[in-house]
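In the two complexes that follow, subunit A is the common piece, with subunit B as its partner first and subunit C second.
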Partner chain A sequence: MTTTQENRWIGVSAPRREDAPLIRGRGRYIADIEPAGTVHMAILRSPYAHARINGIDTAAAEAMDGVHCVLTAADLEGIGDFPTIWRLPGQKECTTPAFAPGKARYVGEPVAAVVADSRYLAEDALDLLDVDYEILDHVVDVEAALADGAPVINEDMGDNTIIEYTFPGINALGVAGDVDGAFEEADEIISGRFKVGRYSGVALETRGHVAEWDDLRQTLTLHSGSQVASLLRTELAAALGIPETSVRILTPNIGGAFGNQWDRYPEDILVSLASMKLCRPVKWIEDRREALQATVHGREQLQEWQLAANSDGTVLGLKGRVLSDQGAHLHSVGIGPAWVTGAAAVNQYKIANYHCDVVGVATNKTPNSTFRGFGGPEAMFGIERMMDKTARRLGIDPAELRRRNMIQADEFPYFSPGGAVYDSGNYPAALEKALEAVEYDKVREEQQSLRDQGVYRGIGISSYIHVSGFGPSAILGILDYYTGGYEGSTVKIDPHGRATLYTGMIPMGQGTETTLAQVAADHLEIDIANVRVVWGDTDQTPYTGFGSAGSRSNVAAVAVIKAIEEIKAKAVRIGAGLLEADPDDVAYADGRISVKGAEEMRSLSLADVAQQAYWAHKLPEGDQPTLEATYVYDPANFTTACGTHVAVVDVDIDTGKIEWVKYVVVDDAGTIINPLLVEGQIHGALSNGLGGAMLEEFVYDEETGQLLSSTLMDYLVPSFTDLPDFEIHHLVTPSPHTEGGFKGMGEAGCFPAAGALANAVTDALSHLGVEADQTPVTPSRLWSLIDQAGG
Partner chain B sequence: MAENMSVVINVNGAGRAVSVEPRKTLADAIREDLGLTGTHLGCEHGVCGACTILLDGEVVRSCLMLAVQADGAEITTIEGIADGDDLHPMQSAFSEYHGLQCGFCTPGMILAGIDVVSRNPDPSPQEIREEMGGNICRCTGYQKIVESVQAAAAVMSAEGGSA
Partner chain C sequence: MKPAVFDYSAPESIGEALDLLAEHGSGAKVLAGGQSLVPMLNFRLARPAHLIDVNGVGSLSYISANGSLRIGAMTRLTAVGESGAVAGAHPVIPAAVAEIGHRAIRNRGTIGGSVAHNDPAAELPAVLMALDAEVTARSTDGERVIGMQDLIEDRLFDTTLGDTELLTEIRIPAAAAGSTFGFREFARRHGDFALAGVAAVITTDGSTITHAALGAFGGTHATRLPTAEAALVGAETGDAAFAAAGAGAAADFPATSDVHGTAEYRSHLINVLTVRALNDASGQAGGGNG
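Right, the complex of A and B next:
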């Protein structure tokens, strides 16, 4: 074992232990798993947006050589749906079925499945299925779906309104604002209407599973890319009607998840059911068109905001209505993202008077559910556009307007009228740092002279909060969110003094295995090489209430720290006995157990003590043999990551093309575990955010209800040449209520991206009065706006 | 169904014979028949670049070729670029500069990076961005991939162009 200085691992850019196989092509993703005897499933999906299924003739497919079985809704007897686990008051009941329930409600909804010797054959057999569809009227626009006479997508709901939820503007202390009074009193009322485009994670690896049913042991092993294996196990067992103890979920490498893999999907049931029916391994790998049609979409909202301000720039009140286009039915998290939009919309500003109505609306589109950011980026887009509109109306610089309204560093905890309690931060400092980094005053000056030369440069500021580290389970209970918010960790010290850490977290690219090893090594004060991290097996790892997410390491890390505290206390007790000292006189430091003041003389290594713990020949009274501990940590509060981004762009008014000049990030995620990986997370989340701000969009054809962007030629993910180099600066305001001071950070980068980009574009075109209020701000969309404005 | 055809491919320096359906893609044959699962499938329509390999020295998308078209060709996959335990400089640089997160695009990125440097030993960041525009990454935002390729290029030049 090495010395103290060498064994402080938090704050170090430790190399990723994940990399070694991945750079050699020896990663093991779902598609790489193929047990002996595996057969392959392909899924027939509805080609129509809305169609009754009057019958399916499966005879020809079943008769085909190499086909093992065909599944349709008729095979679902005794099989349950997946529940919507966020069930807000007044929300109509809605579940996710394995097959379209009598009628298909979106293009891509599963209708039947074929299992055959190979994927090629299974797809051949899909062509032999004869489905009798009765095409129904469809609706793919959220306002049209609310209009009288709109086709009703879920008849049992009566209409397409799934829920109307109101944020009354009462904070966690019970203090209510007076939004009407604020609007009466205000000098100016500024309005905005924003369309946040529909896009999603679009991970490079598509979804997939390999299911292995053992009919003799009556057990199901599911190899799955789910990022929340514990919940999948619970819900899958319930849907299949088998004991949860019979289900084991194994998670291999995941080729990107971005929240989309948090949800439970029809195929989870179908592949399992097929394996149970055939008593052999069944594999299903989604193809790209399926991935774009049938993996959950995200974001799409129509927002209307009104902001009340005094002429000195003081924002008095904010009220709004958010229509969330949920697609055909609620998926795992219901209207959760839109709820978060309502909760977060006041952002970093002291807006005491607030009201927001959030309406979940059904349309004939793919379900809109979990995606990196989860309602936060939508909220930030709306409020940050409103701040810029207000600044322009009042003739105040947009940076100054923000400065005048920000919550100050000494005002935490801050009780937001959206309901959240912000734990910490220094918003003005982040803003000033970002302005300094971008050389704000200089860029503003240059902007003028450049405009005279026909160069249209714009500066866009967007500040953000990211309420992360979901969450205290009791709060989830109050929110009718039917899962816990905790993370468990088991740490076992082996007889040689090395540690194995078992976590329910699942690495999906963000480096969780490395960062948790850093936390464990740091707190045990041992070499990181002596820490192994075990993940991805529900038979071994602790139950996790909330599952893995880019912003969960902060919660999981505390569980590790707490488990290690128990281990260290036990090691001290055992060591004290061996050293014949009073436990109060013995301390754990440098990975050793020593008598205080006599560290050179009377000291034992962790291995010495661990060996004794396993021999268990003379343990302190009350202590059990071995040296291990499990801690399930339920956070006391959310953590609030925050910061400011500034985008500088040039707009080509002849083409609508946006050219990057600069992009500056100042983020505050509390204590940083691994700076290099944090940078990687910010870059990645920003690319998700800017993708949806500039390019990515699921476009539906109004006339046919077809998804038009169902290849990567049509759905444009950002390429190398679409994104700028990001300049990143950090502030560190440790969370006051979490051990270690960590905050969630894996998602934060996508929060302010669209607001910064849209504000920059609007600023660049201020002479034309063009307002970028709809994302993505594609060149064609922007060109049309410029054209309409006479530019 | 058409009868299988016999195809001989030199894969990472060794001759291999496989029997495949004429319609089978090269990518599927590499993964299923040759057992080299480091070549990944992200889109199967030639956009994402995850299935990038080198074929007779040229960078190609193995999802857009049929296996039978590769009869007699020499291909290099991600499994074939290290020299035993010694990583290719491009592999080392991706790890050192955090040029990968989930790792799914990485084999294709590394091969594309090797191809870029083989044609341009000292590429600028902008040249790397333009040359590698055919490979998609959803995790990194590309900046650290650009840094990785630049760093690898420096090492490869110092080693005398090992690509």
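Right, the complex of A and C next:
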């Protein structure tokens, strides 16, 4: 055998192995699962934003034919809440209960549940529940919630301030610099106030569970769409007061998770409790109205920033205040997203003097928690708008202003005052590549001549960092984040030399099965068809620490690589014995175990060695039979994906309509495992980001506290007709911290999107001085700004 | 999101349907294409005791162009939009139908269902008002003909149809010779209900406008725009008359605020869209979104 480049799979656009069954209707989702004897749960949700529950009369519902049980808060004795796992210093204690605790705090909070023969009957029975509500004053705006005399949503907190956290923080690594000095010294101080709209993942498949309690075996099997089954198993067992060894979580195909499925929810407890009570399978499928009301929301912040700059464009300092609208209570990750906003806000720029206060505020709205981007897109929106405002004030081109302030390629690792350590990147190169791709100078020239013809064209630049690869467990510990950040992988070579890989990661659309198979095949140097990936069963797969934040490639893949290194070493030891050679003279290459320099003559296939490993007739001393290894990888550091997007739009100043002209993406996610899937991820995340920039918004009525965007006719998800063609270019700066150089990129597309759009719109209307500082930039909002500006 | 319990009948003739309506009256709801009623049932916003599904009544589906245009109430929107007879008689109709939802919706949705449901953001009630259409309503007591204006004026999600009446036919008088149209609507995404929209049909004797009929949708209810029409009739076609009509449209339009836009914005939109639709009409061009 000679060395070839066969069976190298990293960097190959392998088609998704997930696709064939999904496209041909053989996907299996929660709704497809219905064991014999299944009964169905429906949930009564608060119709009020804030109301004390003085009593619930369940008699009529319980008496209805076909109803098996009714659950209310009275049934929760001995049942725990789900904890908030990110508990920053000074954060008031807060948990997620299964039912509204004595009072409902947002429209959609669970109040009672009915289990019946069918979902139809269960919903009929909900109509028969008589709840004695005492309606309380509500508040759905952060500033109003902080005002004196505001209704207090969680009485035990004293007021609606959940936490005030200051960056650089006591437990973060950042250094504040001399913020006051910078602001005194600066030629100009630029201010901005930004409203980042509330939106969320709104997955095609809503949440759902089927719980099967086996009273004889004392086991609970939960079929669930959770994207972090290990953590759900741990927390669910604790909440239900049963041993974790009794709980098995099975995950079928998931029709979208987007971080929302990372959280633990009341229904996880309720469906399990109902099954334990009835000793029957209980199924709950969230309907769309519930999904919009009761699956966590994301993003919503009110940001105030001040930036100090010299007239040459040097940014000296940044200070800000971020009010995070947390909704009624902290959910699984607390104020985590807003914390990330504070940590990431300096973005790609050398801003040595930094101060930011992040305030978590309770309002009578759905909890704001985990959602793709997790505070990063919010941060990028604020800082990228501030950079454009600064450029305009100083009369410097926005591209040039960024150029003058970017961290340079030779300045890594870079210790940001927000506390993050940026591992690698080449920010100026990404910017220049994006400008070149969009033909920046030409578009700027055209902009002038078009304006004379009444066409208002704008160009918006938006650069980003995406701290991914959550994460080093020790650092999570420093951040008071009560879970680990590792991923485990078990790889087993069968007696025929084929590999089965067990991962705790839950594939939720990214092509995890394909990319992990690629990594395994590449490192074993075998055909990808000979790698099977097993996931979705906590009884078989390794415990996963995190399961989110782009940890797939840069954490899970490394666990695969490390496990395979152990397998290869063992194969070499076994092979050396069979080849009667010194192990030091034997190497693993091309999927074979061969004596170095004699590959043609003295060589064994992986199958030959695997067969011997299973027969175990003559294993090297100390080696156990079979050929398998488990590795749990805890990353040494985060990885930082980065890039620059440029949007070009035309604005119809008569209607406020935004027309796409061009959208250029330059991203740097380090080593790319599968370019096809990376492109798919960029398309998806960018659509998600632009959705929130233009269309998607959970709107609450100030008067009533009702969620107005409660159907998909009111909450607008973008489709391809609403989006530009994406022109995608890559830079590759491998991460020095990860085996393989991978960085997380599944979320990156949504980071700069809103900034790019808003900067482009603002640029198009620069003659009017219109500033797009609120997302989504709807036609109605934009026209109103144009109208006020006299356009 | 499951409907409350209801009884279900699927008559195969108009007579059977009318008998069922006579029997169940206000407790019954007629199911046509189901594009609005079925979601309302699932949200439990509509809770009829009895559902009369007229999809099996084949005699309610037809298009006949013989002088006036007659369209059976159960004619699918796709059939209306693709009909040469409809396009020949009133090209504004296919222009409007093309903007209704998405194809899957038009394949099931019916012209009679759209009119009887009378969603204030629906295209067809406003277009049919501009075309001076009438509908026939039948019950076991007989048949009556109702002008669109009288059927839906100032109402939303409701009409003047009686509880036992079935809307059976839409009748549209022949267009005046040489009339032209413009159709414009503004929606946030393709296929969404419009924030505002207008159908304009005008006739000129060369340069002077002799007849103008404008129907608007997207406000609190479908409506004609009398102030805009008055500004046009007798005026020369051109920017001045169209601007006056736009301002008139804004004055007439019953704008309202919701999550998609303010009433002020919608009033402004109807002004812009009216001017654009009139420019389309005077240029003999078609419509479009925005």
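Note that the second predicted complex is superposed on the first by the 775 of 791 C-alpha atoms of A that agree within 3 Å, B and C clash if a C-alpha of one lies under 4 Å from a C-alpha of the other, contacts with A are read in each partner's own complex, and residues count from 1 in each chain.
Note that in this section a contact is a pair of C-beta atoms (placed from the backbone, for glycine too) under 8 Å apart; a residue touches a chain by one contact, two chains touch by 3 or more.
If you're wondering where the values come from, they're calculated on a predicted model, not measured in any experiment.
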Task: Have a look at where A:327 lands relative to subunit B and subunit C in the superposition and call it first, second, both or neither.
output: neither
Task: Go through the superposed model and pick first if A:336 touches only subunit B, second if only subunit C, both, or neither.
output: neither
Message: Looking at A:779, would you say it contacts subunit B, subunit C, both, or neither? Reply first, second, both or neither.
response: second
First, second, both or neither for A:287, with subunit B first and subunit C second: both
- request: With the two complexes superposed on chain A, say which partner A:509 touches: subunit B (first), subunit C (second), both, or neither.
  value: first
Task: Answer with first, second, both or neither: which of subunit B and subunit C does A:680 touch in the superposed model?
output: first
Query: Is A:654 in contact with subunit B, with subunit C, with both, or with neither (first, second, both, neither)?
result: second
Query: Once the shared chain is lined up, is A:755 touching subunit B (first), subunit C (second), both, or neither of them?
result: neither
Task: Look at A:725 in the shared chain and tell me whether it touches subunit B only, subunit C only, both, or neither; answer first, second, both or neither.
output: first
Query: In this superposed model, does subunit C or subunit B come into contact with more residues of subunit A?
result: B
- line: Overlap of subunit B and subunit C contacts on subunit A, residues 120, 287-288, 711, 713, 718-719, 721
Task: Using the touch rule from the top, collect the residues of subunit B that touch subunit A in their complex.
output: 21, 23-24, 31, 36-45, 47-48, 50, 77-79, 82, 87, 91-92, 94-96, 98, 100-107, 110, 125, 128-130, 132-133, 135-146
Task: Name, in rising order, each residue of subunit A that touches subunit B in their complex.
output: 15-16, 18-29, 31-32, 120, 201-206, 253-258, 287-288, 508-511, 676-677, 679-680, 683-684, 686-688, 711-713, 717-721, 723, 725-726
Message: Looking at the complex, which residues from subunit A come into contact with subunit C?
response: 119-120, 123-124, 127, 287-289, 652, 654-657, 695, 697, 699, 708-709, 711, 713-714, 716, 718-719, 721-722, 778-780, 783-784, 787
- request: Can you check the complex and tell me which residues of subunit C touch subunit A?
  value: 1-5, 43-44, 186, 188-190, 192-193, 195, 258-262, 264-265, 268-269, 272, 290
